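Both complexes below contain chain A, partnered by chain B and then by chain C.
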Partner chain A sequence: MMTDAAVIMPKRSVKFDGIRAYARLSILITLLIITLILGTLIIQSGPAIFAASESLFTTNWKPSEGVYGIVPMVFGSLFVMLLAMAIALPIGGFAALAISRIKSLRAKRAWRSALEILAGIPSIVYGLIGVAYVSLWVAGAFDLQSGRIILSAGLILSVMILPTFLSLSEDAISTVPAAFRENAQALGLHDYEVELNVILPAAAPAIASAALLSLGRALGETMAVMLVIGSLDRLPSPLFNPLSSGQTITSKLGREVGESAFGSTHFSVLVLMSLILVALTIGLTILSQRLFKQGASR
Partner chain B sequence: MLQNTHLQIVSDQTETAAISMKNFSAYFGEACILSDVSFDVPSRGVTCLIGPSGAGKSTLLRTLNRINGETQTASFTGEVDVLGKPLIEGYPDVTILRRKVGMVFQSPCVFPRSISENVLFGRRDKKLSKTERRTLVETCLKDAGLWSEVSKRLDKPALNLSLGQQQRLCIARALAMTPDILLLDEPTASVDPVSARVIEDLLTRLSSKMTIVMVTHNIAQTKRVADHVVFLCDGQIVEAGAKTDMFSRRSCDKTRTYLTEEFCDC
Partner chain C sequence: MSRSVKNHIFSAVTKLALCLCAAVLGFLLLSIMWQGGRAISLDFILSPARDFGTSGGIVFQILGSLLLVVTAALIVLPIAVGTAIYRECYMQLAQNKARLDTVLYALNAIPSISYGIFGLIFFVNILGTGLSWFVGSLILAMMMLPTLTLASHAAMQALPKSYRENAQALGLSQGEIIRHVILPQSSGGIVTGLMISLARAIGETAPIMFIATAFSGVSLPQSLLEPVASLPTHILALAQQSTDPQALQNAWGASLVLVSFVAAFSALAFYIRQKFSHLGQR
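Our next item is the complex of A and B:
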C-alpha cells in the first residue's frame, strides 16, 4: 500500500539523479581548482618569506643583490587603482543616472550595446591607444619628457573600467522602485533633488558593489598598464605624485615572470605578490557581495 | 449616451472651487483615458472619485498635480484650474504646484530613513530652525494620528513601521508641505481595516482645513467620509453631486447599481 509520503514525494528519475551528480561534480571541480591555485600560490611564495623576509617590506628592488622590496609595486597597484576609480566613479555614476533617465527603450538598448562593446575590447588595444595617444597627450599637457607615468595608467584604466561600472550602476539605479521617484516628485522636489536625495542613496549599496567589482578588474589589469606606467621600481616622490613613473604588481609580474627561474627566490617573491593580488581581489569581491545584499534587502 | 455637461458639485454657488475642470480629456498614446470631463471641486471637504477599475479615476487624480505629465506618452486637452490658476500656465514650475497639491499613493512608500526625516523629507528649505523642525514633525504626526505610536522612536527607521502606520506617515509627510489640496489614491487599499478607520477619521478631521480628493472603490468608506461624490465610468463622468443627494436620490441607473454594489459592467 502507498503511504502518504510516497504520494507527496515525487518519484526521482535516473535523469534527475544524473543531473544532481553532475552538478555536485562541477562544484567539487571548481573548489578543487580554487584550492589548487591558492595552495600553489601559498606553497610557492613560502620561500620568499624565509629567504627575503628582511628586504620584502622595503622600497628597493634589486634581484641581482638579493633585495626584493615589494612596497613600490603594492603601492603602485593601489595608487593606480584609486586614481582610476577617482576618475571613473563620478563620470560613471552621473552617466548611469543620465542613461537611467532615458525613456526611449531603443536609445537605452543602443547605450547598453555600446557599453558592452567597450567592455569587450581587449586590454592590449587600450594599451596601444595609451602609448600612441594618452601618454603623448599627458607628456605635452604637463611638459614632461615621457608620458609613461602613473597618471597615464590611471586614465587608461579608468576608461577600461568605466563600461563595467557604468553598466552595473545603471542596473542598480534602474532597480530603485519607481514609487520612490513618484513619491519624491509628489512632494515637490526638483528632479535633481530626487536623483541626489532619493535615487542615488537608494542605489548606493549596489553602486558601491559595482565600484568594488570594477576595482577588482583595475587591480588585475596587466597589459595596458604595463605599456604606459613607465615601469620604475621606486615609490613616487612626493609619494602621491601621479606624474611620476611607477610599477604595479601586475606590470611587474608581466615583465619578470618569464625571466625568473622557477623555484628561485625571485620567482617566489613574484608569486607572493600575486598572492597579495588574489587576497585583495577576494576581499573586494566579498565586500562587494555584502554591499549588494544590503542593497537588495532594502 | 452620457451627457458631457459641466457638473457642479459645489454645494454653495458662492463658494470658490479649489479645482475646476472643463472639457478635459486625457490620452496615453492613442488610448483615450478620460473624455470631455467637466466638474468643480469645492474648497474644503472630501470629494470621493468612485467608479469601476479602468474608469479613469487615478488618471484624473494624478492629473491634478501633474504626476501624469512625467509619462512620455501622456497628452491632455481641455481646461483645468487649480486654486484659481491654470494647471500648466499658472504653475510654470511644477514643484510649486506639487507643494500646494500634496499626494498620497495607494501603496505606502516610506524612504529608507528615520521617521522624522521622512516627515521632513519634502521640506528641503534650510530656513527652519531645529525647534521649528521638531514642532513641525510633532504637529504633522499628531494630525496624521501617529504621534502617540511613534513619539519615542522618531529616530528609528520608518521601514520598521506597520503598513498602516507607514501610510499615515506618508500622509504626515504630505501634510508637512502644508498643502491646500490633498490627493489620495485609494489610501486604505493596502492597510488593515483598523488602520483604514484611523485614516478615515483623520481625513474627516483634515477636511475642515483643506480640500481632499480621494479615489476609492469602497462604497461604505465613501458613505462615511465623503462630502461630495464623482462617479466615473469609461473615462466619463456619469454623475456628480453632494453625497446625500447621490446616495438618497440615485437618479441614474448606473449610479444606483454601483452604489448598491451590484455593479458589474459599464
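Our next item is the complex of A and C:
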C-alpha cells in the first residue's frame, strides 16, 4: 500500500511512520472493544441456554424455583415501544411538517435548538419527571391506586424519542428539492396535497430511517422506564392492557443485575436478555442506515 | 369535503402538533427549573450528602461526576482521533470504510445498560477490579467513542481538498500532512464532538450504576480503584424514595445541577462550532 506522497518520495516512506502506527493501534482498539462486548455477552449467556432451556420461552419468572421465562419482559419491551411510537410518530411527523413550513430562518433555528435541548435532558431526569408527575396524572385520570404502569412508561418514552425523530424527519423533509414543491404548487395543488402527496413520499425513506433509529432508542432506554413501569414480571391481562404494571427487558436488567450472583443461571439469563436487546438495537440501527443511504442515493 | 376545508384542517393539525411539542418542552424545562430552584442553594451545592441523600448536599456527587467524565474524555480522545485519522488517511477500500462505519453505528446502538452489564462481567468479575472510578470512566469512554470518532472524521472530511494537495505539492509526507495540516485544521470539529459526547456521558446512569458508583457515604476517591459518587445515580437513589418529600426535593436539586452541566457542555460545543466554522472558508 503506497500512498501518493510515498510514490513521490520513496526515501521518506522508508522511515518509521509514527502517525500511521498510532492510527492503526487506535482502530485495532476500536475493533477490540466491539469484539469484547459482543463476545462477553455471547459467552456469558451460553449457560442460560443450556441450564434454563425448558423454561426460557414460558411466561413464568420464578428464579427461586429455577424457572426463567423471559416472554413477559420481551413482550413488555415491544408493547412499551409500540405505545411510544404510536404517540411520537404522528405528533413528530406533523410537527416536522410544521417546522419545515416555517419561513423565517431565525424561527427555524430556534426550533432546532429547542429540540436539541429536549434531546439533551438525561434519561434519569425524565425518570424523575415520570415519578413526580406523569405516574400521578395517569393514576388520577384512570382512577388507579398506582400510576406505575405500562401506559406511563409509554408516555415518558414517547417524549424521550420525540426530539430525535422530529429533528431527523425535519432534516429529511428539508432536503427534498425545492423544485418538487414549486412544481406541485404550479400545478395548482393545495398545501396539504403538496405536503402529503409530494413532499412526504419523497422524504419517506429518510423518515422511515428516522423511525427505525427511534425504535432502537426506545428499546434500549432504561432509567425512565424502570422507574415508572411497576416491575411486574407477568404478562398483562388482558394482553394489551396498558393500564397494568409490566416489565421491559431494560427495567428487568436495571433492577436485577446488581442483585444476582455472577456465574449463576439467573445472571446468565439476564445477560441473554441483554444480548437479545443488543441484537435488536444493532439490527434496527443498521437497517436504518441502509434505508437512509437508499433514500439519499435516489 | 372541499379541498380548502381539508387544507385548513391540515394546517391546524400541523400547528397543533408543534404547539404540543412546545408545551412539552416548556413544561419539562419549567418544572426542572422551578422544582430544582426551590431545592438548590449554595449550601446544597457545597456540602456533602447525609442520611442517604435526604439531607445535606451534593458536593461529592458533582465532583464524582466530573471526575468520571473528564477521565473518560482523556481516555477516548486519542483513540477516537486515531481511528478517524486511519479512516480518513490510510483506508483505501470503500468496502473497509463502510465496514468501519457499521462497527461505529453498532457501538452507538448498543443500549447503555448493556455497556453496564459488559463492564460488570468483564472488568468487575473477570478482571476483578471491583467497583471503581477507573472502570466507570473506561465504560463511559467506550460509549463516547462512536460519537467522537464520527464527529472527528466528519471534521477531517470537511477540509477542502486543496489543503492536502498544497501540502503534498510542498513535499510534506503523509505523517507531516496529518500533524501540520489535518489535525490543526479539524481541531475545532474534534473539540465540538468532545463537548457533545461529554454532555451525553455526564447524564448516563445505566452504564455506571453497577460498576463505578456507591450510593452514599462516599467522599472523594483516594485512588483510581475506589468507587465514586455521581449525580445520576444519586438522583436514581432519591427518585426511588419519592414518597419522602425531602428526598424528592433533593432529587430535583441534583437534576437541575445535572441539566446545567449538560447545558454548559452543549453551549461550549455550540460556541466552538460557531468560532471555527469560519476557518474553512478563509
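Just so it is clear, the second predicted complex is superposed on the first by the 273 of 298 C-alpha atoms of A that agree within 3 Å, B and C clash if a C-alpha of one lies under 4 Å from a C-alpha of the other, contacts with A are read in each partner's own complex, and residues count from 1 in each chain.
Note that a residue touches a chain if its C-beta (ideal position, glycine included) is under 8 Å from a C-beta of that chain, and two chains touch if they have at least 3 such contacts.
Keep in mind it's a predicted model, so treat the numbers as computed, not measured.
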Query = After superposition on the shared chain, which partner residues are touched by A:202: those of chain B (first), chain C (second), both, or neither?
reply = first
Request  = Check whether A:188 is in contact with chain B, with chain C, with both or with neither, and answer first, second, both or neither.
outcome  = first
Query = Regarding the shared-chain residue A:41, is it in contact with chain B (first), chain C (second), both, or neither?
reply = second
Partner chain(s) touched by A:103 [first = chain B, second = chain C, both, neither] = first
Request  = Once the structures are superposed on A, label A:56 by its partner contacts, choosing first (chain B), second (chain C), both or neither.
outcome  = neither
Between chain B and chain C, more extensive residue contact with chain A = C
Ask   = Of the two partner chains, chain B (first) and chain C (second), which one does A:177 touch, if any: first, second, both, or neither?
value = first
Inquiry  = So chain A touches chain B in one structure and chain C in the other; where do those two contact lists coincide?
reply    = 190, 193
Remark   = Listed in rising order, chain C residues that touch chain A in their complex are 3-4, 6-7, 9-11, 13-18, 20-22, 24-25, 28-29, 31-32, 35, 78-83, 85-87, 89-90, 92, 100-118, 120-122, 125, 142, 145, 149, 168, 171-175, 177-179, 199-200, 202-206, 209-210, 232, 235-236, 239-240, 242, 248, 251-252, 255, 258-259, 262-263, 266
Note = In the complex, the residues of chain B that touch chain A are 65, 67, 70, 72, 95-99, 102-103, 105, 107, 109, 111-112, 121-122, 124, 170, 173-174, 177
Chain A - residues contacting chain C, complex = 1, 3-6, 8-9, 12-13, 15, 17-20, 22-27, 29-31, 33-34, 36-37, 40-41, 44, 90-95, 97-99, 101, 114, 116-118, 120-125, 127-129, 131-133, 159, 162, 166, 190-193, 195-196, 216, 219-223, 227, 250, 253-254, 257-258, 262-263, 270-271, 274, 277-278, 281-282, 284-286, 289
Ask   = Which residues of chain A touch chain B in their complex?
value = 103, 177, 179-180, 182-190, 193, 197-198, 201-202, 298
